[in-house]
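The structure under discussion is supplied below as structure tokens; questions concerning it will follow.
Labels for the chains are A, B, C, D, E and F, by order of writing; each one numbers its residues from 1.
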Amino acid sequence: MSTLGIVKRNITRADPVAVEKLGRFGVATLHEAMGRLGLMKPYLRPVYRGARLCGTAVTVLLQPGDNWMMHVAAEQIQPGDVVVAACTTENEDGFFGDLLATSFQARGARGLVIDGGVRDVDELERMGFPVFSKAIHAKGTIKATLGSVNVTVVCAGAIVHPGDVVVADVDGVVVVPAAQAQAVADAAEKRESFEGEKRAKLASGVLGLDMYKMREPLAAAGLKYID
Amino acid sequence: MSTLGIVKRNITRADPVAVEKLGRFGVATLHEAMGRLGLMKPYLRPVYRGARLCGTAVTVLLQPGDNWMMHVAAEQIQPGDVVVAACTTENEDGFFGDLLATSFQARGARGLVIDGGVRDVDELERMGFPVFSKAIHAKGTIKATLGSVNVTVVCAGAIVHPGDVVVADVDGVVVVPAAQAQAVADAAEKRESFEGEKRAKLASGVLGLDMYKMREPLAAAGLKYID
Amino acid sequence: MSTLGIVKRNITRADPVAVEKLGRFGVATLHEAMGRLGLMKPYLRPVYRGARLCGTAVTVLLQPGDNWMMHVAAEQIQPGDVVVAACTTENEDGFFGDLLATSFQARGARGLVIDGGVRDVDELERMGFPVFSKAIHAKGTIKATLGSVNVTVVCAGAIVHPGDVVVADVDGVVVVPAAQAQAVADAAEKRESFEGEKRAKLASGVLGLDMYKMREPLAAAGLKYID
Amino acid sequence: MSTLGIVKRNITRADPVAVEKLGRFGVATLHEAMGRLGLMKPYLRPVYRGARLCGTAVTVLLQPGDNWMMHVAAEQIQPGDVVVAACTTENEDGFFGDLLATSFQARGARGLVIDGGVRDVDELERMGFPVFSKAIHAKGTIKATLGSVNVTVVCAGAIVHPGDVVVADVDGVVVVPAAQAQAVADAAEKRESFEGEKRAKLASGVLGLDMYKMREPLAAAGLKYID
Amino acid sequence: MSTLGIVKRNITRADPVAVEKLGRFGVATLHEAMGRLGLMKPYLRPVYRGARLCGTAVTVLLQPGDNWMMHVAAEQIQPGDVVVAACTTENEDGFFGDLLATSFQARGARGLVIDGGVRDVDELERMGFPVFSKAIHAKGTIKATLGSVNVTVVCAGAIVHPGDVVVADVDGVVVVPAAQAQAVADAAEKRESFEGEKRAKLASGVLGLDMYKMREPLAAAGLKYID
Amino acid sequence: MSTLGIVKRNITRADPVAVEKLGRFGVATLHEAMGRLGLMKPYLRPVYRGARLCGTAVTVLLQPGDNWMMHVAAEQIQPGDVVVAACTTENEDGFFGDLLATSFQARGARGLVIDGGVRDVDELERMGFPVFSKAIHAKGTIKATLGSVNVTVVCAGAIVHPGDVVVADVDGVVVVPAAQAQAVADAAEKRESFEGEKRAKLASGVLGLDMYKMREPLAAAGLKYID
């Protein structure tokens, strides 16, 4: 009945071409392109300025104070993957540090998104291994209880299936279901193509009120100007 | 009965000379000069290192998940203004991003203080558009419900009247009522003029205990030294 | 019955040689070397990037909104000390700024750890005076009520005795009891000596599963691989 | 420049007839009648089940850890008043207990709303003195620093002027400006008169979709039913 | 690409016999019977003492400050259902009150679990309509933006599919996937059948150390008794 | 170097006569009698209305998600003890439920204070076993890692030595060091003897301003009455 104690080896990763294309866009744009869905909660923050990642999810379900499954996950990493770690309860211990980062990086991982804590932040920055976490915490963890690898998890409020695309930058973390990767990338591209023109208009002093034709609906809604 | 659905066009802005003078001082100094009042809550943080702003407030009252009034506010901005955005409830969605920043900047705005979330943080830094917010969140917003512009608002615990001076730096955000702008600037100047001498004394090893003549009141309060 | 209103002048500081040695290690390593104990809660954060400190604790027990005891503490600082400030209740006011930092630095202090707020953060960075705090807050404090100096305090969840060693970096803050300073430093050294080899193996692609011989205990615990 | 150290004796209280009428309605209804404004933040909670109050505000601005102004406020209380206590910073100490409650009750106060902590909760319940607070905390306070009485304050995110009507029940706390008391009471009455009929219809199985004629706008917005 | 704007009418509800059986057990027992999975986060609390519910999930995805979809959901309720409401972002407004409760109850709903706020708490208790929420908040909501009904949602950290069984009591809220309902109910029954004997032993003074045979593994782990 | 993996069997409990006397006073009174020290943080709350306890501390240091040490602690309980449970990190799992409560009660324990979560709250109330906790959470825990019993712990911000007296009621939790038990009880008695007279005066309408002779110091501090 439980999804604990399981490692799924064969997962269907999103198409690499679509993943690369998704990596060209910011998280805010991708979230809009998905119809304003797919975001993790904003308490996940990059552990160093400039961190940014895009890749296919290898998921981990951790137990509180225990990072055993991180080592199990390492073996499942393929180049281009991002590890997404959830926990069976709220816990901010330092599940991850420079040794695991070295191992993940050696396997080709592009970063980590974790609904928990990490440590060795200076080393992570030096290594160029991007991490988005709930906390920075030196607290060490044990290796005693089974969780799972590559099961569906909820990480910071978002559902992540193994193989989904995860993109993270300073604005947040977004999950794109593997099957929608190409369509979302295309929608993002279209969306962004409109932005340059809008930006230029706004920069020239045109108001959004006029550019988006808002004056009429605002008046219809009852907006009153007073002096 | 409601203050929703209103845009006040003519507001009385603090005297520009006083505003410029206020801009020379740090937030901590200004807050002291006001008798230790006027601070917003410390959960407002600069979205990038080095952000700093000083200007006259154009206020916005937002609805949760809705940034329609930001566009209405844009039209009310005059050079030297700072937009101060409150919300009718607690909400950390990304009400503001690089397009609105482009528009605000084109109108002459000096920055944004918002009791909510913003996105496109890297672009905001590149543009040099300072923002102090409660959260960084990629979550997009809609344009469906009226709030107000240039009404009195409570932003992060502080009352802000349109035209008040708002100063923000790494230490926080302070609101100086328009009518007190010159007096507070003068008090801050006086206060700061004393600080150099104090700093020099303390740097030379003189103790605050002696400089501030605290030994006697401490003894009177019953302080006991033991070995 | 109370420990308020007391200043202890003669405290037993940890051996300076051990302190210097402790300063060579990161907080995560030291916490592991102590058997995974001694950490303060992770809400304490450096007020500027790159802050790091190691020294012997001069402790202060503050009252809410009152930094009188900071001035009393200044006199008790000896070169190599770190001030550790607790409060009788939760309070995030700005108990500390550049003037006190100037005084502390003149006395030879190596930094401050405070379960409360501080201000003048830009100046602290310019001075190179490292501070780890719960909040950044411009809110000023008064000088009216007695606390204590050099009594045992609880700071961010950790017990600190005057003279204990406090080490802080980006990963957190750890307290090493004075009597254990040398032993913890030695244990940290030993621990770190193993890390280089482990890192090299992991970097070469060896898995933690194999390096730590985890496959058998994982199987014994019931881990199942599925396709 | 400061509003600290001031006690305003003559305040204009809302019309008692309107106050009594406001007291007949729940907080949710009053907030709706005001156009969905005037609520304090929901972290304010009744300290005992069944607490409920309605009265005119005597405001207090406290300093952290200091309840001196509560005694000053007691003298300003008239029968039918509610004390509304704000603080110059966030602080959850126990500013108020059974002795002050005895004094306030003797003066005719109908309760307390406080953006801070209180204690002696069992006694408050026995006395029938309703309190809505941010915290329950046994922590005692001192009497050392001036705040103010009957100045405009921000309490739990809402602006309160002395004399405004404050109504609190299990759903929250709402502030009705004195000048709007009668109009809001009338609007609430009208609103409530519609509710009985609506409730009866819904209880009989009529759907809100039909009663509020939502099907058409939902379809226009693009809602799709699938099987 | 989006799951917004959708109402799924035909959902597969868990077997009613299994649902009734699940309703006989406490949340803690059911969570254990599922292998320690399925719990929502503990910030969800009953809005009145004694609230308890068990039923099949009709799910709702709300927009911040908007309860339009609640009315759409009402039509999809069948007797024995529990409405589970998630939101596209964090928002504690009062999405639900006594009118909607009347409608839901008329449709046969057994209660509501909502990752947001509710109001009219006294009426909900009088009606005997159990609600588990993140907040109690009088703040009203609008009807302007589409969400969805009967899509998979994340509510308070747990995945809920329409038709899953949701059980809530004072200890928390647990989700049992529809397909596992009978098996979990059986496992809970077995688990509970052991508890009576254990309880009797412990009540008689037998120690868990002996009943669970922990002394040997504790010694093996290195536990030391000192005097 | 570590205090993990230790059970201290012989502890010095506070004098039972003093403990009984302490049990007659409320937490607020005891905290005042100690010079306003000794309180745990106010996030600890009784799990049912009316819970109250007083006894000598048997301390437990737990690991996150692990309640093994609770069983070890049970054996160390003597009639009149209260178990005080801390954790090596922040964790709100349900470390304690009705089975452990049955065991603790059989050993003569008077209740539990825990910086974590508990479950089976309805049963705890039925058993009359008072618990003060940080959270109510159905989440089960494992038995895998050693903590300690009867070492000094920090629980919710307060230092607790085994044998200290712990008193808890609706206002909070206070720790009285064993050696001070009699003196604090006496001071509380003296303090309370004054309260009746004060209460009577205040009830008769005498103001605290006059009873405590505050008018002069308020004027000296600069308080201004305006009309």
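Throughout what follows, a contact is a pair of C-beta atoms (placed from the backbone, for glycine too) under 8 Å apart; a residue touches a chain by one contact, two chains touch by 3 or more.
Just so you know, these numbers come straight off a predicted model, no measurement behind them.
Student: Taking all residue numbers used at the subunit B/subunit C interface, answer same if over half belong to both copies and different if under half do.
Tutor: different
Student: I'd like to verify one number: the distance from the centre of subunit B to the centre of subunit E, where each centre is the average of its C-alpha atoms, in whole angstrom.
Tutor: 42
Student: Return the distance between the CA-based centres of subunit C and subunit F, expressed in whole Å.
Tutor: So the centre of subunit C lies 27 Å away from the centre of subunit F.
Student: Could you give the separation in Å between the centres of subunit A and subunit C, each centre being the mean of its C-alpha atoms?
Tutor: 31
Student: In subunit D, which residues are in touch with two or more of the other chains?
Tutor: As it turns out, subunit D has residues touching two or more other chains at 36, 49, 88, 90, 92, 137, 139, 145.
Student: Using the contact rule from the top, write out all pairs of chains that touch.
Tutor: A-B, A-C, A-E, A-F, B-C, B-D, B-E, C-D, C-F, D-E, D-F, E-F
Student: Please name which positions on subunit D make contact with subunit C in the complex.
Tutor: Those residues of subunit D that touch subunit C are 63-66, 88-93, 137, 139, 142, 144-145.
Student: For the complex, give me every residue of subunit D touching subunit B.
Tutor: 1-4, 33-37, 41, 88, 90, 152, 154, 157-159, 180, 183-184, 187
Student: What does subunit E use to touch subunit F in their complex?
Tutor: 26-28, 31-32, 36, 39, 42, 45, 49, 169-172, 174, 195, 198-199, 202-205, 207-209, 212, 214, 218, 221-227
Student: In their complex, what parts of subunit C are in touch with subunit B?
Tutor: Checking each residue of subunit C against subunit B gives 5-10, 49, 68, 70-72, 74-75, 92, 94, 97-100, 102-103, 105-107, 117, 119-122, 135-140, 143, 145-146.
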